[in-house]
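Each of the next two complexes has chain A plus one more chain, namely chain B in the first and chain C in the second.
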Partner chain A sequence: MTDLLQLTFSGIATGSIYALAALGFTLLWQASGTINFAQGEFVMLPAFAMLFFAAQGAPLPVAFVLTIAVAVAVLGWAFKRGVVDPLFRHGMMAIVVATIGLSIAMRNGVRIYSADAHPFPSLFADKLLRVGGVTVSLADAGTLAFALVLVVATQAFLARTLTGRAMQAVAQNTESAAVLGINVPLMILYTFAINAVLACAAALLVTPVYFGKFDMGESLGTKAFFAAVIGGFNNSRGALLGGVIVGIGENLAAAYISPAYKDAVALALFMVVILFKPQGLLGRKEERKV
Partner chain B sequence: MSAPLLEVTDLRKSYGAIRAVAGVSFEVRPGEIFGVIGPNGSGKTTMFNSVLGQIAPDAGAIRLKGADITGLSPLALNRRGVGRTFQTLQVFGRMSVRDNLLVAAQEHRGSMFSRMFAAPDSGLGARADALIDLFRIGHVADKPAGSLSYGQQKLVDIAMAFMSEPDLVLLDEPCAGVNPSLVGEIAALLRELNRSRGGSFVVIEHNMDFVMGLCHRVMVMVEGEVLAIGTPDAIRADRRVLDAYLGN
Partner chain C sequence: MKKALIALAVAALGSMPALAQQTIKIANIVELSGPGTTSGTNFKNGVELAVREINAAGGILGRRIETSTVDTQSNPGVAKGLTQKAVDQDVFAVFGPVFSGSIMVSMAETRRAEIPNFTGGEAAAITTQGNPYIFRTSFTQATAMPKIARYITDQAKAKTLSLIYVNNDFGKGGRDMLMKALEKSQTKIVADVSTESAQVDFSAAVLRARQANPDAIFVYTNEEESARVLRELRKQGWTKPVIGETVLTSQKVIELAGEAANGAVAHVGLTVDAPIPAMRAFRAKFEREYKYITDHNGIKGYTGMYVLKAAIEKVGKLDRKAVAKAMHGLKLRVADHPGILMDVEFDKNGDLDRDSFLTEVRNGKQEVTATLPPLSRK
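Here is the complex of A and B:
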């Protein structure tokens, strides 16, 4: 029983990282109808940026803040203006293909820079905590707390500020939002910027575990996509739920079935949800004109 | 006579060989309710969308309070005091009725940065409550707009257009799909908003009783052109209008 609780807690912590990347998927989809299949590489690139700034002598928190500034400019503004905007009128498929291509380019671009796995400092000390008879690592507890704060802050921003509500309005009805005086392109840009910040946070949390490597985003991006679909692609809370379900499922499968099947869990859950509840666990059915 | 609020001069829009709007000119005076009628395909909605910046006209000029607004975006027009409603419902279904009203005016508050941290009602609560009272939708104010009946959503939709206190509101078929008792209610609300706030409206509508009972002047469009402009009584008495609707 104790093992089960420990595995579950650790799974929730891992799942919260998936949730950060999955939240980016759902935000972009809701605000701009965009699916970014380079989302994993959007986590990998900030990891290398933080390593770069750290190599110049910047402490980790400073490197994190500098990376956020660069990521908002490159993965937010430049990505929207350079990739999404020109392709938007050609439909979803063009953006899907372009972001798959972008992910390959980013991966191999970084591979030219370095194909090695780079150790990455953790925000949290290497300590164990005893909570009600269950042993949890400070890294897991800290990761979970950090991710939760970010998810709650994102939700609060969307629900409790003028700009957040305008972003929601754009996500629900772009045409009406524009007529009501909401600056639709600016709100969509904010969404891309938030996605970039979430990607930086995911990089900060996940890289100490997986190391900074050119292909570290491949599996993370896929699992985050599955998590977003499982939770419901049009529901931000669904991203959190989907991430946690995938994280717990992976941990339990690795412990009780075989570590070899760990990575298959997200795919299996994804297939079950697509078959029986295609809108996701918390998602809504959407009607679209064709 | 006071200067026109809206002046549309020789507006033209074609789609290939089809002339959707062919030289339409009219003006709307401050405080006036101006109706636009015409058979299906007469170019009413194309004219509407051209005025509202959703379609770029091929030629012509549109002036608001004397300033040229031809080709301005809906965003820019909204900030100059032009509101609109759509033929179909445009409420934000997952937001409450009250939030729908708040979001309809909030972009007029503060700066880009202050809006990032400001509370969402931002001093607009009293204005939203006044409209909720006027439209008698207080009992559903906290419900998601998408959960209301079609008629209630239509009322929310119309109320939203007035939240930013615009000088001019263009209403595209406000009675489409609503029951006859609500048609009377909408007419009474628009009359009240016109009387108490001096609002000017342009109304496209197929319901003749509604248009003739509400509007100060009516414009009839046929095949992209203006057939007649006049008071409801003058339009009713115009033989050409009857022919346009019923055929010669």
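Here is the complex of A and C:
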């Protein structure tokens, strides 16, 4: 029983990491109708940026703030102008393919700089908490708490603020939104800027576990995508639910079925959800004009 | 003016063969860019340090050594092409590449040209193909695992052992060798846990290994995964021995795992921290020359060059075939050849056997705790 609990808690911790990356998928989808398959690399690049600033002598909080500034410019504005804007009118497929290409370019670009794994300072003290025979590290608990806050905040922003609702309106029907007087390009820019900030936050929490490495985004991006689909692509809370389900499922399968099937769990869940509830567990059916 | 220069250059080229007879040409074909950069650079620096010393002491059989260095970019195809080029330039011996994937393809060229080729590669398959011109500068899994198995049974006195390995060529190869080595011993393997490369969450793997209630856990994964396993073991309160081979106590793992690395034990073939005066002296020389401390690849290059020198001197003439033949079954003692740093013997395949070391991580540093005798010595 203790073992089962331990596995579940570890799964939740891993799941909240997936959720942080999955949040970016759901945000971009809800607010701009695009899918970014370079989402994992969007987490990897800020990790390296923070390591770079830290190497120049900046303390972690300063490095984080500097990285957000750079990320909003590069992963927000430049990504929108350079990749999404020119391809938007060619439909979703063009953007999907372009972001897959972008992810390969980013991985190998960083690989030239360094192919090694780099340790990353944790936000939380290196402490272990023992609760009823189950060990949870402070970092695990902290990551989960942070993920929860970010998910709730994103959801609240999209649903309850005027800007957030305007962003959703733009994604659902760009023309009507324009007719209603919404500044469409600005809303889309907001979306990408927020996505960049979320990626930085994810990098800050994820990298102490994943280590800063050029290919850290590869598995993270894939798992996050599965998590987002399972939870529901048009719901930020779905990202968290999907992430946690994948995290726990992987751990239980590895312990009780076979470690060799660990990576297949996310895929199997993904297929089941796609077959029986294509909009995801928390997602709702929606009609949109692309 | 231009013509005069060209004429001069041609004249210089023309006089090269006469000069070449006075020198022994050695080609360094190593990884100077790409993922193998660290390994290749250390290996090359080791070779060049040895060459400078040998030349300063009068060369080999009275001839100076002349080295050339080229970059394989950690790419097997490039390595093969560069080796072909070195063969065309009529070198006496080739050092490198260090990466197993590269030497596996490039050694066909040196074999065809009958040129002795020293490699830092550690894959078992390199020396199982009957190539009489390939020589190692370090152990393979086939040598290292029986040594660590002997330690697990005799010194650590583990009656039961859980295995956590990474499911790739490296991990499976090592696991199979260890299982074979433990087959007839007192140690029983009670859990055999496969993990994936780049796996992040090791809670289930560690739990499985722990549930079997073994006396020790053996961890055989790459650097990052090893660090994560060590962290998870600490988290789940594992206090019995954690044993590994080379990777587990490496600087990178210590750097990544932090506190959790303390107490981990591993066998290493070569380390500059070995409690041997000659090794200490080498470490100091290397640091003086290059302003950093080398990993085991620097030792491989350095000792490899001195082994070649000893083999040539044994033959007494610059005959590649005779030198390669003499290398098989060659036994060298530090007393006679100080540059080899440790007594070493080569078998008929080009594999080597010598002392190796047991290391433990203490206070975030790898420390050598014991010297393990060569396999051939019981």
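Annotations
The definition used in the following text is that the second predicted complex is superposed on the first by the 280 of 290 C-alpha atoms of A that agree within 3 Å, B and C clash if a C-alpha of one lies under 4 Å from a C-alpha of the other, contacts with A are read in each partner's own complex, and residues count from 1 in each chain.
As a working rule, a residue touches a chain if its C-beta (ideal position, glycine included) is under 8 Å from a C-beta of that chain, and two chains touch if they have at least 3 such contacts.
As the structure is a prediction and not an experimental result, all values here were calculated from the model.
Of the two partners, chain B and chain C, it is C that touches more residues of chain A.
Once chain A of one complex is fitted onto chain A of the other, the partner contacts of A:A169 are limited to chain B, with no touch recorded for chain C.
In the superposed model, A:L7 lies in contact with chain C only, and not with chain B. Residue contacts after overlaying the shared chain place A:V179 against chain B, while chain C stays out of touching range. Contact with chain C, but none with chain B, is seen for A:V209 once the two complexes are overlaid on the shared chain.
Judged by the touch definition given at the top, the superposed model places A:A117 against chain C, while chain B stays out of reach. Contact with chain C, but none with chain B, is seen for A:S219 once the two complexes are overlaid on the shared chain. Looking at the complex, you find that chain C touches chain A at residues 34-35, 167, 193-196, 198-201, 203-205, 207-208, 211, 223-224, 227-228, 234-237, 252, 255-256, 258-259.
Across the complex, chain A is touched by residues 52, 73-75, 78-79, 83-84, 86, 90-95, 99, 102-110, 112, 115-120, 122, 160, 164 of chain B. Residues 3, 6-7, 10-11, 13-14, 17, 111, 115-117, 119, 126, 128, 135, 137, 209-211, 213, 215, 218-219, 247, 250-252, 254-255, 259-260, 262-263 of chain A are the ones that touch chain C when the two sit in their complex.
Within the complex formed with chain B, the chain A residues making contact are 157, 159-166, 168-169, 172-173, 175-176, 178-184, 186.
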